[in-house]
Structure formats: C-alpha cells, structure tokens
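You will see two complexes here that share chain A, one where it goes with chain B and one where it goes with chain C.
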Partner chain A sequence: MTLLDTAKERWSGTISTLTIGADAAAGGTRKSVVTVGGAGGLPFAPFDGAPPHSIAVAMEVWDCPPEDWPRSLADALGDVVASPAEWAKACVEKWGADLICLRLASTHPDQGDASPQEAAATVRSVLEAVDVPLIIWGCDLPDKDNLVLSVCSQAAAGERCLLGTVTEDNYKTLVASCLADGHCLIGLSPIDINIAKQVNVLVTDMGFPLDRLVMYQTTGALGYGLEYTYSIQERGRLAALGNDRLMGVPVICMVGQEAWRAKEARATSEELPGWGDEGERGVYWEIATATALLQAGSDILVMRHPKAAQALKTTIDRLTTV
Partner chain B sequence: MYVIGERINGMFKNIGNAILAKDKAPVQEMAEKQLSAGADALDINVGTRVPKSERIAAMEWLVDVVREVTKAPLSIDNPGPSTMRAGLARACVGGGTAIINSTTGRADKLDVFMKLAHEFDAGIVGLSIDENGVAPSADEKLEIGMRIIASAMENDVPIENVFLDPIILPLNVDQAAPGIVLETITQFKMLSDPAPHVVIGLSNLSQGASERPLINRTFLVMAMAAGLDTSIHDPLDDELTNAMVTAELLLNKTIYSNSYLSAYRKSKQME
Partner chain C sequence: MALKALDIFKLLPKTNCKKCGCPTCLAFAMKLTTQKATLDECPDVSEDAKAQLSGAAAPPIRLVAIGAGAAKIEIGGETVMFRHEESFYHPPGIGVVLPDNLDEDDLRARIAAVKALSFVRVGMRIGVTVVGVENVSGDAAAFASTVKAVASLELPMVLIARQAAHAEAALAECAAARPLIHAATDADWQEYVRVAKSAKCPLAVTGPDLDSVAALAVQVRKAGIEDIVLDLGAGSIAAGVEAMTAARRLALKRKADGVGFPCMAVVREPDPYQNVSDCCAYVAKYAGIVLTPLSGPEQIAPILTLSQNLYTDPRKPVQVEAKLYSVGAVTPQSPLLVTTNFSLTYYTVQSEVEASRVPTYIGVIDTEGTSVLTAFAADKLSSEKVAAFLMSAEVSEAVSHRKVIIPGYVAAMSGSLNEDSGWEVLVGPREASALSKYLKTVWQDT
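This part shows the complex of A and B:
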C-alpha cells in the first residue's frame, strides 16, 4: 500500500446524477444538455472517488431590465438587458454560459406584477432564442410563484428545465407541475441543513424522484456569510458521501446575486476612491465568492458579470484538468 | 450502523420448516422484508434441525434461494469450514459479497477461516473465544482481538473486512457482562488504524428474559455510544430500529430532519 493509498478517503455514498435540458432524442429541442452530480468524493480530489460529471456555469437573465444593478455590471451587459431573448443569446454565444437562469422578477407585485401568461411567453421566447437548458426562477413570493410557475412549467413541457424554488411550507403545487411536465426542481432551505433534508423528504414523499432534485441552501457572498454557506454545503456533502442518500443531490449557488449586493462590489470609484477600480472590484468579488464555493461542493453556479462567468469557467477547467 | 438481519435462521420455526421442505417462498419473503426494513446484509443460518450430513447441501440451497432475490451481502453463519466454504462460494457467485460468521480466536480455526476470507474477499466476524472458551474480561477479549487482527494482516485481509465480536452473554446469566462488553467495544476501536468494525449478536443479550425488545434496544444504544458500528439483530423490530436511528442522530452520524425516521426508511428503500 502506498502513502497515497493510505491518505485516500473511502466514501460509501455518491451524489445523484442530474441532467438538465432535453435534446431531440429525449423529446425536447435543446442542442446541448447539462449533466451535473455523480461525485463519489470531495471536490477536486479525484483519487478519493468519482469526480462530478461537470460543474455548470449558468448566467442570470431577467425578464425585465434590472433597475439597481451597479454601473460596472450594467455597463458590461449593455443594451441586451432590454430583451430577455437577446440577453440570453449574448450569455450563450458571447460569454459561454452552459445554461441560462431566467429570473421572472417582473411577476413580483412590486416589479410590475406580470401575469403567468406573460411570464410563460418570456419563457418560450428564451427557449427559442437559445438552445442550452433553462433554469426558471420565480419571484420568491410563494402564492404568486404557484400561479406563475405552473403555467411556465406547461409552456416548457418536455424541455426538462430546472424550476425553483420550493420550500418546506410551499412545495405541493410546483412538485405536481414538475412531475407532470418532466422538469427538475430546486429545493430552498435558508442556511439550515435540517430543513434542506426535510424538503427533500417532503418532495420525494410526493413521488418526485430524488435524482431530479437540486438543493439551494442560499448563498452568502464573500464578507457576507460566505463561511456559513461553505460550512453548510460541506457538511451536507460529507453526509451525502457517508451515504445519507437524502442529502446526496447536487447543489446550486446564486453567486452573482449575492456578490453584487456587497458594498465592496457596488461602491463607485467616486464614493470610495481608495478601494480601486470599480470596473474590476465587483468582478473579483464575484469570482472570489464563486471559487470558494467550488471547494465546498457546488454543482451549478449562477453568475452575473460576463468576465466573472468566463473566469470561473477557466478556473474550473484548471482545477479539473490534471 | 451496519445492520445484519438475523431472521433467516433455521432456529425460527417458519424458516426451519421451509428449509426442510425446500419451500423458497417464506425464505425469500423474509429476505425482502428485512432488506426493506433497513437490513444492509442478511445472516444465513441453516439451524440444527437439518441432519449434519445434509448441512452443506442445505446451506447451498438456502444461499441460492436468497441470491435469487437480492445482491445484498450475505453473512454465512456456520462454525464448520466445509459448510462455510460452500456457502461463501454460492454467495459470491456473480460478484456477490459475503461475511464469514464466524471464527474464534483459536489458532487452528482462525488460520483456516482467515484464508477463506482472503480467498473470497469476504468480511469476517472474529469472536472473543479461544482455547479456554468465552473470554470473560476486557483484557482477555482484547488479547484475542489482537490475535485476530494479526492473523488478518498475515493473510492479507484488509482490516475494513474484520468485525470483532466481544460476545454478549444473556443478561440473566451474567449481569456484569454487558458493562465489560461496553468497555471492550471502546478498546477494540483503538486496536488499529483504520479501526476494525465491532459487531454484536444483540438478541443473545435478552435470551430467557422478559421485556426482550426493551433490553435489546436499550443496550444497542449504549453500545453505539461506545463505538459499536455493526449489529446482528431483527430489523423488523420497529422500536429497535427507531432507537438505533435516533442514536445515530445523537452521535452526529446523520443529519436531523423532522421526518428523520421516515428519511432512514426511505433511503434504505432507495438502495
């Protein structure tokens, strides 16, 4: 037995394998699909067990132009934010996103209160504009999400999208929709590993397959709770590898959303001249947050700034190419 | 916890009858029931009603019948090397795995069984018994445990495949024994790195006593706290399973959720 053999961990569990997107053979219209999960060991330790299929980099696209995004982020995205379809196209064709995370922000009563039908039309337009898989994310108001997401689920039936989110208190409507229309599902549990497991129990109690589930344990940015997210994800991953099957599902992180909330990312050069160029500062904040979360065991990272998404893809390549 | 279901044993009346009548159904039903209740492996014991001359054939029949319904590891429960070899050979057909249940620390027997463990890449239960019978004290149990581990190393059997059994005697035979077993479990775990597994045949503790399920589950929880990681018991005893799952939670081995009892059973049914 070599020293390396002695140092190897022996895990009994694996993370389930999840495919998002359906190509023609699977009854959908996607030209590329994303397969994540399948890890049999800790991140970037391929000698311990099977590495994950891939770590997917998604980019956020909103169904309405975001109003309060900082200048450096808004400038990088440019005019495409006026059209979700054009924005999605740019993410895929110019910036290399593996999949699109469509945020239905305009369905929130404070953001325009768009109808379920309007949201479904947006979903269709993005599905037609790009041929990568789609994450469809509601406005995080349970009652409105139940109305909107069930209609969007039907509009995207057969495309095997990833829909979210469901919580411990609100899951039945969306689980039923995703079961009927063949989608995958994101279970939300705010920095609480016990609730994360409970959501997975409740959802699978309804007959939803565990291998179509993704956990979202909420994300903290660098300086704003990153270590909480890190330790929760790491603990969940260790439990899963120890054969706690109900924790053995892939994890999604909303990196861009959280990184760009940080003062360090948002402040302009005029406000805080000593903090360096605002055009780079926020990008670095997003990259630093994302790369830390890679180590905790993340399978899908949702980014905002094109440069941060590209840098993350390069980092993943470097870490996974031995 | 690694649970070895004890119910496929000729000592149970229905299984004993089934073995004599070569009736597959009760055996296969019991295999499936134990697995869906959470058993990780199944103990296979032909019992004593089969005449000695027919025991090898009975073991082969019993293993084949169980293998028809599951690929789970089978714990071949027999003291004789010929019957053991026959059971292992059938259990390991087509990539199946097995556990030798059991050897003692007697030098001649230990060597023969350890060679079988190596040949079949099987787990092996080593009892705290030697030429002088059941070792009464923790020190003597430990000495036999060390002998078993040394034999595993000599025979190239990985320590991860070794299950040390400190032998739990019936409570109404020796009331001091459970405390000695708890002490031994803790020390077994320090014998090597990686540590050997530690197993007990739980039901033996309550032989002849009243309140058997209560005695069993109380001791299982105590033994788990001392380091026990494997148990041969009745997985169909729901209260026992609930106590075990709760103890794993309290030992921080699994993650709590409000539905943790059903989460355990659900995850076992996914296997």
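This part shows the complex of A and C:
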C-alpha cells in the first residue's frame, strides 16, 4: 500500500453532475455540451477518487460594449466587443472557451434599459453564432431580471442554458421559467453557507431538480477577499462530501469580473510603478485568482482576458493529468 | 499526533506560577498544542513529564527555520488541512531561483531585480522571503562564488547543488546564514547528511514520488538531521499538488512516518503563465517553500498576494485604526466619506478614491472589523457613531464644510444622521467601484 492509498478518505457524499447545453439527441442545437461535477473527494486529490468530469472555462460576452475596461483587456478583445455574436465566436473559435457567459448588461436602466425582446434577440443571435452551451446572466436587478430572463428563457427553450441569478428573495419567476423551458439555474448567496443552502432548498422545493443547479457564492478577487470565497467553497465542498446533498451542487466563479476590478490589474504603469508590465499584470492577476479558486473547488470559471482563459484551460489539463 | 491541551496540562506542575509568561498552566498547555510555546519555557516541568511530552507533543508537522538573523523564516508547524478549521500559521517562503552560470553583470542585474520584488498592499509590505541558487554550471567554484554574491541579499537561501561536495564548497561562504541544502536523493543522501550535519543546516530531500521522499526523510532523520524539508515538486504539477495534499493529511490524521515536515517545490515550468499558476497551486496546497525562475514583478506579486490572503487568520477580521485618513492633496473643502474599519472595506474604498484622483478624506468608524452591511445590521455603524465622529475635533480641524458621503447601503440612516449631526448627508454608491465616478461627477456638482 502506498502513502497515497493510506491518505485516502472515504467520503459519503458527492457533488451532483450537471450538464449544460442540449445537443440534437437532447432536443437542442448545441454541437458540444459541458458536463461538470460528480466529484467525490477534495479538488486535485485523486487518491480520494478521481473526479469523473473536468472543470469548465467560460468567457464573458456582453450585449453592449463595456465602457470602463482597462486598456490591456480592451485591446486584447479588440473590435469584436461591438457585436455579441462576433465576440462569442471569437471566444469559442480563437480562444477555446468551453461555453459563453452572455451578460445582459444593457438591460440595466443605467446601461440603456434594453427591453426583454431586445435581450432575447441577442440570446438568439449568440446561440446561432456558436454551438457551445450558453450561460445567460441578467443585470442583477431582481425586477428587471424577472422580466428579461423569462423572455430569454423562452427564446432559448430546449437549449439547456444556465440562467442566473436567483436569490433567497427572488427566485420564483425564474425557477418557473427554467422548469418550463428546460434550463439550469444559478443560485446567488454572498459568502454565506447557510444562505447558499437556503437558496437550494427554496428552489428545489418548487420541484426544480438539484442536478440542474449551480451555486454562485460570489467571488473575491486575489487581494480583495479571495480568502473568504476560498474558505466558503472549501466548506461547501466538505459539507457536500459529508453527504449534505443540498450543498452538493457545482460552483461557478466570476473570476474575470472580479480580477479586473482590482487596482493591481487595472492601474497604468504610471499609477502603479514597480508592479511590472501593464499589459501583462492584469492577465497574471486573473490567472492567479482562477488557479487559487480551482484549488478551493470550482466547477465553472468565467474569464475575461483571452490569454487568461487559454492559460486556465492549460492549467486545468495539467492539474488533472498526473 | 498532537496531544489535547488537557492531556498536556495533567503533566504540568499545576502551580500557575506564571514563569512561562502564561497566566495559568492550562493556558500554557493550550499554547503548546498550537505550537505557540515550547516546553522549555516552563522551568519547573519534571524530567518525567518532559520525556512523556517530547515525543507526544512534537508537532505533527515540524517547524523548520531557514536562514538566520532578521530575515529568518519558519515553515511548517501547521495544524489543519483547511484554513477555516483554525488558521494557517507559517506562510511559505516564496522566492526566485538564480542560476550559477551568469556573468558578473547579469548576476548583479538579477540580484537587483530580486531585491526590487517588494510591494505594499493593504498597508502591509510583502516581498520575496527566500532566494535559491541553482548549480546549473555543475561546477563547485562557480556555485560558491554565485552563492557568495547572492548572500548579499540577506535573504534565507536554498542551495540547489549538483552534488553534496558543491554544497559544501558554497557553505564555506555562508554556513552561518543557515541556508537550506537541496537536495539529498536516494543515491547520495549519506554525503548530504554529512555536509548538513557539519554545517548545522537544514536539508531538503527529494525523489520521484511521495513514498520515496518520505522513506528518505526517515533515513535522514535517523542519521541525525531534524530539520528536513520534503521536495515533492520533482514530477508534474498534478503529482506535486496531490503529494502535498496527501502529506498534509497523512501527517495530521494518519501519523504516517516521514511526512511530518514542511514541503517545497522548485517550479520549472517554462511557460510563464503556467509557472505562476503552478506557484499559486503550491501556495494554496500546503507548500512551505516555492521557488521560481521568474522575477517579473507582475509575475511575483500575485503569488505573494495569494499567500498573504490565505495565511490571514480567518478568526480575526483584519482591522485598520478608526480615524480620519486622507488620500491625495486634501484641502478643507475636500469631500469626506465614511466607511468601516474592516481592512478589506477600507482598502477597497481607499484604492477607488486613489484611482479617482480626487483628494478625499475617509472617516473610518470602529465597527469591530465588520463590513458595511454587517456593521449596519448589527448597529455597529449607527448614525450616533457617525455623528460623534463628524463632531469630533479631528474632523472639525480638517474639514471646513459640513457634507458627509455615506455608503449607499446605509442610505436608511440619512435622516437620523442629519438630525444627530446637523450635517448634510449625501448617499454615495453601494459599491466602492462606483466611487471614482461619484467623486468626479456627483460630488463636483454639489
């Protein structure tokens, strides 16, 4: 018996297995689907039992050109930000994203207040432009999200998208839509394990299957609260492995969104002398945030910079091939 | 495995004489269990108790010191698998490894680059804490002279020698600095043990997998070396992370032999993105030393920041002093924001204010280290408290206007704060990220 055998822990629970995207056989039009979860041990500890599925890398696509993204990020994306469909295409064909996270930012009243119908048209255009699965993310205003996402849900019916987010105060509309249209759901709970569970309880009480749920416990960027996210995700994974079924749900992290808020990623060389190359600094910040959260147990990581997304895919491959 | 505090307490003199610096013997016993004290701090402990405790109270993972003097680091000594169970205590030594085949100018430039790897963030200075020298030349003299030059950094060193004799040659220049000698293998460990013993230096052991490294550690310890570091980074990153995770569990939970030592890795991955991500994986998963050939500040700062984050004690919210701070060239007309003394909140606000380039006062209220929402809910960020701050001498000496910007999340206190203080209350954004825009637009219009 090797030491790795001795180290093995017999956990009683597992993370549920979640498939995003529906191919023709499943009634959709996706050419590739994403399956995550199923782990029965700690992350990257295959002596506990190797997880059956890998970790997915998504890239963010906005429905309107982002205004205040720093130069190194904006330059890397280039002109494609003018069209969500082109942007999504580049993410999949050039940068290798496993799935697209479409942010309906323009539906926010301060960002153009786009109508549910306009948002649904964008969803359709992205679904037509790429054949990977889609995450559809609202503008985080509950009332507007309820209007917008229910229409988007219908527009994407049968494609088994991942929609979000629902919270403990606002979940009924979206749960009903996703049930009717065959989508998966993201439950949001800010760094609180009890609320995370509560959201899962409320959503499943409406008859929503647990294996179509993802938890978003909010993401802290490197240097800006990462340790809170890290520990919440570790605690969640341990609860799930201890057979708390309602915590055994895959986890999504908004890595790009948070990493690119950090001063260390955004600042120009004049603003932050001595911190290194301005064009690369943010890429490293995003990579480090992602690789740290991988270690805490993440299943879907949503990235922004093409180089960071590509590097993360390589990292995941290397970490899962002993 | 470590004894429980009560078991240790039973063996202490139970006189509560305080000579150990603890108020009671029980308090001392509790410190022993978390490796915050050593048994010899109690002058009255019996020989019998010593004998019983020395074996049993030995920490599950040995605390190993590398280096000497002010820059000395201590690694290992950890007590948990997960930081939320208690805390991680001894941050890894993170540093750059330099080859011994550089010409003088190159070497000087590389040493200067290593020296520059020091950053201030959230009010703390973080920087590389170790430096490695690798004997890539295969030559003893070149190794010794590079080590001598690198010793000028006064950082704890890791001597990555081709063979024990080369380590010995380099130690002639620096044994007093107590470098870590790297690394004994199955083939040459006796030689390394002889060198490490005579120089009284810690020794790293390495091998192709966890079993061989642990077996070697057992042999090396039997040969009289106590300060051992396990290099588990010889294979792939997947194997390294797996081995370090297993070693931590084996040491804490399975009392396995040969794994109760800090671990290390020299990350050789040529792609810089992958190299940084490997370093981060090792920082998260239990390494005591992480060395990389990279020395770009944009590459090293994220690794150091990750260590700073994960080795923060989760039981104590990090706080800043509650007082009036200023950012930029403030005047009595500059805006005044209030926020909480939770370090993360304060520094997030501070960095957004800096980015706005609007000179601003930030009033920090003592909320016992809680964030805005938590503090407000628990009445730790009340209008009375903010009013008292606004009416303090500190504020009236600095600010001539009477307009305060409160966080958007506590908009509900506007009315009562206005009544309590007489100040005009402006409701700022909820998220710090919107502060820059707010200061540049809304505030300018008031």
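Keep in mind that, in the parts below, the second predicted complex is superposed on the first by the 317 of 322 C-alpha atoms of A that agree within 3 Å, B and C clash if a C-alpha of one lies under 4 Å from a C-alpha of the other, contacts with A are read in each partner's own complex, and residues count from 1 in each chain.
The rule we apply is simple: contacts are C-beta pairs under 8 Å (C-beta built on N, C-alpha and C of every residue); 3 or more make two chains touch, one makes a residue touch a chain.
Worth saying up front: this structure is predicted, and the values here are computed from it rather than measured.
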item: Combined model on chain A: chain C and chain B, fit or clash; value: fit
item: Which of chain B and chain C A:223 touches, first, second, both or neither; value: second
item: Contacts of A:246 with chain B and chain C, given as first, second, both or neither; value: first
item: Partner chain(s) touched by A:213 [first = chain B, second = chain C, both, neither]; value: neither
item: First (chain B), second (chain C), both or neither touched by A:120; value: neither
item: Contacts of A:263 with chain B and chain C, given as first, second, both or neither; value: second
item: Chain C, chain A and chain B - angle at the middle CA centre, rounded to the nearest 10 degrees; value: 80
item: Comparing the two partners chain B and chain C, which touches a greater set of residues in chain A; value: C
item: Touched partner set for A:185, first chain B, second chain C, both or neither; value: neither
item: Chain B versus chain C - smallest C-alpha distance in the overlay, whole Å; value: 8
item: Touching both chain B and chain C, residues of chain A; value: 235
item: Chain B-facing residues of chain A, complex; value: 10, 193-195, 197-198, 201-202, 204-205, 210, 235-236, 239, 242-247
item: Residue ranges of chain B touching chain A (in the complex, touch as defined); value: 160, 253-260, 262-263, 266-267, 270-271
item: For the chain A and chain C complex, residues of the former touching the latter; value: 2-4, 6-7, 9, 42, 44-47, 222-227, 230-231, 234-235, 238, 261, 263-264, 266-267, 271, 274-277, 280-281, 283-285, 287-288, 290-292, 294-296, 307-308, 311-312, 314-315, 318-322
item: Chain A-facing residues of chain C, complex; value: 82-84, 116, 119, 121-122, 209-211, 214, 236-239, 241-243, 245-247, 249-250, 254, 256, 259, 271, 273-274, 276-278, 280-281, 283-285, 296-299, 301-303, 305-306, 308-310, 312, 314, 344, 348, 351, 354-355, 433
